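Before we start, here is the structure in question, set down as structure tokens.
All chains are identified by letter, namely A, B, C, D and E, in their written order; residue positions are counted from 1 within each chain.
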Amino acid sequence: MNDMSVLERAVSQQDIKISARKVQVYYGDKHALKDVDVDILDKTVTAFIGPSGCGKSTFLRCINRMNDTIPAARVEGEIRLDGEDVYDRRVDPVQLRAKVGMVFQKPNPFPKSIYDNVAYGPRIHGLARNRAELDEIVEKSLRGAALWNEVKDRLGEPGTGLSGGQQQRLCIARAVATSPEVLLMDEPCSALDPIATAQVEELIDELRSRFSVVIVTHSMQQAARVSQKTAFFHLGNLVEYGETDDIFTKPQDSRTEAYISGRIG
Amino acid sequence: MNDMSVLERAVSQQDIKISARKVQVYYGDKHALKDVDVDILDKTVTAFIGPSGCGKSTFLRCINRMNDTIPAARVEGEIRLDGEDVYDRRVDPVQLRAKVGMVFQKPNPFPKSIYDNVAYGPRIHGLARNRAELDEIVEKSLRGAALWNEVKDRLGEPGTGLSGGQQQRLCIARAVATSPEVLLMDEPCSALDPIATAQVEELIDELRSRFSVVIVTHSMQQAARVSQKTAFFHLGNLVEYGETDDIFTKPQDSRTEAYISGRIG
Amino acid sequence: MTDLPMPQNPAAAQPAQKSSLLSQDDRTRRRNAAEKRFRSYGAAAIGLALAALVVLMITIISAGSGAFRQTYLSIPVALNAEQLDPEGNRDPAEMSKVLTLRYGSVLDSALAAAVENTGIQIEGLSDREIKGLISREAAAQVRNRVLADPELVGQTIELDVLVNGRVDGYFKGRVTMASAARDANTSPEQLMLADALAERGMLVTRFNWNFVTNPDASDQRPEAAGVGVAILGSLYMMLVVLFLAVPIGVAASIYLEEFAPKNRWTDIIEVNISNLAAVPSIVFGILGLAAFINFAGLPQSAPIVGGLVLTLMTLPTIIISTRAALKAVPPSIRDAALGVGASRMQSVFHHVLPLAMPGILTGTIIGLAQALGETAPLLLIGMVAFVREFPGAPPEGLFDPASALPVQVYNWTQRADPAFIERASGAIIVLLVFLLCMNLLAIWLRRRFERRW
Amino acid sequence: MPLSWALIASFMLAIAGYFVGRQRIYASAGPDIRLLHSRPVYHGASVALTTLILPLAVLAIASFMRMGGVIGASAGPVAGLVALGAAVLGLGWGVSRVGQGFQARNAVEKIVLGILILCSVIAIATTAAIVLSLLFETGHFLQLYDWKTFFFGTEWTPRFQGNSQLGVLPLLWGTLYVSLIALLVAVPIGLFAAIYMSEYASKRVRGIAKPAIEVLAGIPTIVYGLFALITVGPMLRDYFAQPMGLGNSASSVLTAGLVMGIMLIPFVSSLSDDIINAVPQSLRDGALGLGSTPSETIRQVVLPAALPGIVGAVLLAASRAIGETMIVVLGAGAAARMSLNPFEAMTTITVKIVSQLTGDNDFSSPETLVAFALGLTLFVITLGLNIVALYIVRKYREQYE
Amino acid sequence: AQAREQIQISGSSTVLPYATIVAEAFGENTDYRTPVIESGGTGAGLQKFCEGVGTNTIDIANASRQIREGELAACQGNGVTEIMEVRIGYDGIVFASSANGPDFAFTPADWFNALSAKVVVDGAVADNSATNWSQVNPDLPDQEILAFVPGTKHGTREVFEEKVILAGCEESGALEVFTAELGEDAAHEACMTLRTDGRAVDIDGDYTETLARIDSSPNGIGVFGLAFYENNTDKLSVGTISGVTPSTETIASGEYPVSRPLFIYVKKAHFEQVDGLKEFVEFFVSDDLAGPDGPLAEYGLVSDPELADIQAAVADETVMQ
């Protein structure tokens, strides 16, 4: 299976999954994102890096229109998923979000059992024909999020009683369970220990064979490890975007260089 | 002043600030923390590391009795602060928490303005005689948490409108503003970019000259960078505790070694 | 899906599994339909509620707006000295022996003279019908004026007197010629006379402040009845309720939600409070009679007792909504406050309470609204009463007899003269205005406190 | 009025005490007041509170003894003096406590906690008083009337001449039937309205709709009653009951239930709206992010999280329904009857409590005293319902964060 | 105890309108304050009255019936011993239907046969199955039977049962049949048990409610007080009983059978303590007010033919034995 995905990756590398043009986001008067142009490729992991508050989460939330829920937020410009404008009036944000899954920066498990947390997406999207299939999806997703062993005996307990890191992995499992085409992950590993992080990174690598993954991370190392493309944001601007290796080894912009070498924040 | 603090550190290194003996924590039936014995020194940074769900946050919350707020949690054993049992009936948990400040794993700013978030502690403890002094404390704390530049023009805006990392730094600033004797930080840098992380680490190092700092972190590098002592938790046990250098270079316990080398999680 | 044979042209393989965003698949369409339905249920629910409100409002206002207008007749009245001051010494003490009945006859002759002077000729108009044109209140009106200024006796003064309720109703459309034909208390001739007087400008219908300021009047004088005493009584009671129920309710909720240990006792208290909400309001009246009047010796018919009873009655509403609001504040806020060394009391009063404020205010609004419109408990403590004297200023006034707005409504709807039905609707309008004033403040406050986290 | 003078004097002393307390702590604190356990405000407040508490207690006890007839009116001035003395004592004690080592905040908080407890005790005391005032007369009733007929009788026909049938069952049935219909109207409408206001409506619409709906709770019930009597009742009869052959009564359970339901909408909608609004946005984001529609989010995530509060709101509405009189009298009639047909006239326990208490019956006859027994029975029944509700909430309660 | 300035009155809502008229005039024409008059029913009024003596108890109880033995005993038990019973006049009870419908001329027997649960059919006791007035009495209009009778809380109900239904029972001869079949006590009870199939509708509210019900069910016939009817002659048409049209005159003369006396009960012990109490009672029964031409009669109270005796009794402060 792995061989195949490698092969696949090679051929589909150049498909553009998401393309953003001149995206502007305002929170009330605050201009939080300025003129962002970016093409995110299919079956690729793209990392967003940049100092805190630069607009990474904001841009992520634009892609699956989660910004719709913030009354003050206003988005301009164009974001296309498979060539279709996601802000088109005919687009149903629900269908969009089913295709573009998301893991949030703050873990937000539902006040339900662990099982129901993970089964929520498959249930609403009708991904399982019966209970057995659902069980399978839940187990697979929890395993993928490196949580299965810790919770397999307490699937019926509330997800809110887990430790911070466990909650975050639960949210990852929940997002994976719906099999989206694109997975947006906002600092998925920030609350995780190195081993869990490694497992999640492995999962991301595996997911890449099927979806496009966008990950926000503060860890340069992680970006280097998991991503093929990296975008660097600074003060609401997308400063530089390119092959991960290039960004980390030969950044074009002085700000990127400064950030990578630890000089600006 | 730096010279002085170095001097001071040398002499007071051995003062025990917090000593825990046979601490057990149960969440209902779940035995989350088993027989933890540890001495935390004054004017020292102690790092707690360990896989997710091993009980680091739980132990941290024991120290300033934040566990009192979880009805299901039950603490046994003895924790002494400056030789006084914090679970003594005569101890006022409020006074205890004023001395032992805390930054939580999930950022939880008050739904108030940024200024009021930071000023809250100083206000209730009467740390400022007048508005000017309060302004000064707020500014100093925000600077310490590397947030001042980002928010100095919007101190009146709600703290909940900040980005994840900004919220986390706001919480750090809030905790620092009350000048506690011990500062407990539960993964304070997990949502921060490297530069902000570096600034917070700098702050921690600075704080060390005045308080004792306990920090939970998943980053081995960070533990190595900021802490003098490290404790490794695993499945509710305190497996190993010692000088940070020793833990990372010559761990005594096989589990510690496995964790550090990335084999168990 | 990964088992598929490797496609040569990936683009060709994609459409099979990829759906366009612009076209919805079946399931999405169904879910969106469900979403639309759900949303329209919500809109329909609001629509229904608002429609009910509008219908009720229209009913009330169309029935009650008449109470705010009143017809007056202005006639010259010769104050005959022989009748009004038989002793002739203009001594008010002596003159007060003359009853209103005597003044009635003075008015009767004044009226007859006035009608004659205008030269109006109406077929079959009897003396009784001319006399019946004006309210019985008029005599009292004249008497008061004369006693206040005895020198008026012997003079002829121009007087604005209330007309009879039926005639007044005629000018407001309540009484018609057809109904008057059947009505024992008026007649088409009387109405024709009124029409003729109105043409000459002697009869005018104008805004009726007296409705808001007058006290109640007896069954024979609907045109003179007002809600003055009732407004004061309701105001006093609401003050008592506001100053007792809200602080006590909020304090009790804070204790139960934030401080009380969660054990069987608090369960009992919780059940007990929601059970108190189900106790019929009249039972609170029984309690009020037993505890405040018979045991504590507070006076009958006093707003203080009414206020206390209503306080007990509204407490559960306030406590239940406040507790729900406190419960909804996320624990992380409390943690945050405790973490910087605030005491539990401080965390509650500084953070939790302000965040729970919208819910508390909602409970207060609903509780007060309910208290303001309640009659049943007042039945037993003597506030469902005919009270003509205004209570004094608080705090002593709280102990004076008074009625209340809902009581006035209740009383008036029971009276025989149909003119009182209009008054009752008018009183309801006053009550709603009262309620609105009370709510506006709370709603404004609630808006300021509302936020999502 | 010696008592109110004593009260005012105590208040003045307390205010003075506040400043004295603050003064003393500043004086004794030395250069750095930050070292104090409590802020000076708390020291001031603790003095003020200790000054107030004793005289208030004295006055409370005195007026209680006065009511109970233990002391006469002439004891007023004495009580006033004692209270004043107590205030001075409290002041002295309070001031003497002020000092570096004194934990004023804890002392103040203890007193505040005491006040909070006292307030919650009022709720209990009310219940006790209600039960007591009902119990006594119920005892009288049961001496005069056979309890078996009362509890199990299916006929309710009080007579002036005595020998009445006073069976509670038809009244109970009417109560449950009317309340059920009212809730069937109020809960769906109220809940959907709450959902729409908190999740869909713009801020402006919500800002108008919510208070507007709340007005429904403030309209005097007699207006609803007349509405039921004049408009709804005949309408139901002419367009539903008669065509369907279900009777031709203008007053019916359905009429009262419908109209009462309208009145109860704000109880459900406004309280639920607050609760739903308080569910953290992050939960909604979580569900929306998985591609659920807003309605799925609401049904599956938001509502379960808000459940305890919503149940509270529904219970409150149910309580009002059970306790309502005017609408039932005018809408459902006064006939005690057990029937399934919602187009028939029936009546409720509450209505009969009111009418037996305010009627022309002999006040010492079972026909009047039965009102107290009815009240007590209703009390016990609703108590049972509430216990069940609490149990259900406990079972399904879901805690977030 | 201290004196009270304002008279406090409680009791029957039937007496209330008359009491308010008197109180208003009393307040207007004297220097005393206008009395406060609660309405809460005869029972509740008498209960408050019998609560005890003293300024925080009421002074006068309005009653639409005479005080009962048990109530008197309770009064005396609480120290309320010197009670003055003052009959203020009579209240006529009339039967009226919508003004737009046909006129009715009833006899008590018609009422009995229309509303009683059991009637006599062919000499045997049977369930009442009459649906139209014309079935009861061919002279009556062919209109559905629907009667709004006072609920069991109202004193009017008692009068209605005794003076109309029971009288009709006797008049129609049903009482004899019932007595033969059921025994005397049960026969009375059987006479006065109204049918429960929705044709006799109890009204727990007041006359306005009855009027509103006739508005919404134009077939209905309601039971009203005379005063109420006289204020609403445009909407109601009154039925005659045995050929007599109700009016203050026919009732005072005893021709019209359905009426009852109204009372006020006064605590003599309060004459000292409450300003103007005695004056008020005297004012109440004075010719100016309670006389046949006074405002009370004008409003619908049937003036007491023995008013002079009552005035004398009040002047003498005669108390009940």
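Operating definition for what follows: contacts are C-beta pairs under 8 Å (C-beta built on N, C-alpha and C of every residue); 3 or more make two chains touch, one makes a residue touch a chain.
Computed from a prediction, not measured in an experiment: that's the story for all the values here.
The minimal number of chain-to-chain contact steps leading from chain B to chain E is 2. Counted as hops between touching chains, the shortest connection from chain C to chain D is 1. Overall, the chain located most centrally, as judged by its C-alpha mean against the mean of all protein C-alpha atoms, is D.
One finds 31 Å separating the Cα centroids of chain C and chain E.
The geometric centre of chain B is 58 Å away from that of chain C, both derived from CA atoms. The mean-CA centres of chain A and chain C are about 58 angstrom from one another, to the nearest whole unit.
Averaging C-alpha coordinates per chain places the centre of chain A 29 Å away from that of chain B. Residue positions of chain B touching 2 or more other chains, listed in rising order: 94-95, 106, 124-125. In chain D, the residues touching two or more other chains are 105-106, 226, 280-281, 293, 296, 357-358, 400-401. Shown for chain C are the residues that touch two or more other chains, namely 31-32, 35, 297, 331-332, 343, 355, 379-380, 413, 453. Interface note: chains touch in the pairs A-B, A-C, A-D, B-C, B-D, C-D, C-E, D-E. The part of chain C that touches chain A in the complex is made up of residues 1-2, 6, 10-11, 18-22, 24-25, 27-28, 31-32, 35. Of all residues in chain A, those touching chain C in their complex are 1, 4-5, 7-8, 11-12, 15, 81-82, 84, 86, 88, 90-92, 94-96, 98-99, 124-126, 181, 209-210. Only residues 67-68, 105-106, 109, 112-113, 115-117, 119-120, 122-124, 126-127, 129-130, 133-134, 188-193, 195-197, 199-201, 207, 209-224, 226-227, 231, 262, 265-267, 269-271, 273-275, 277-281, 293-296, 298-299, 306, 308-309, 312-313, 315-316, 318-320, 322-326, 349-350, 353-354, 357-358, 372, 375, 378-379, 382-383, 385-387, 389-390, 400-401 of chain D touch chain C when the two sit together in their complex. Considering their complex, residues 92, 94-95, 124-127 of chain B touch chain D. Interface of chain C with chain B (complex): residues 262, 331-344, 346, 350-351, 355, 451, 453.
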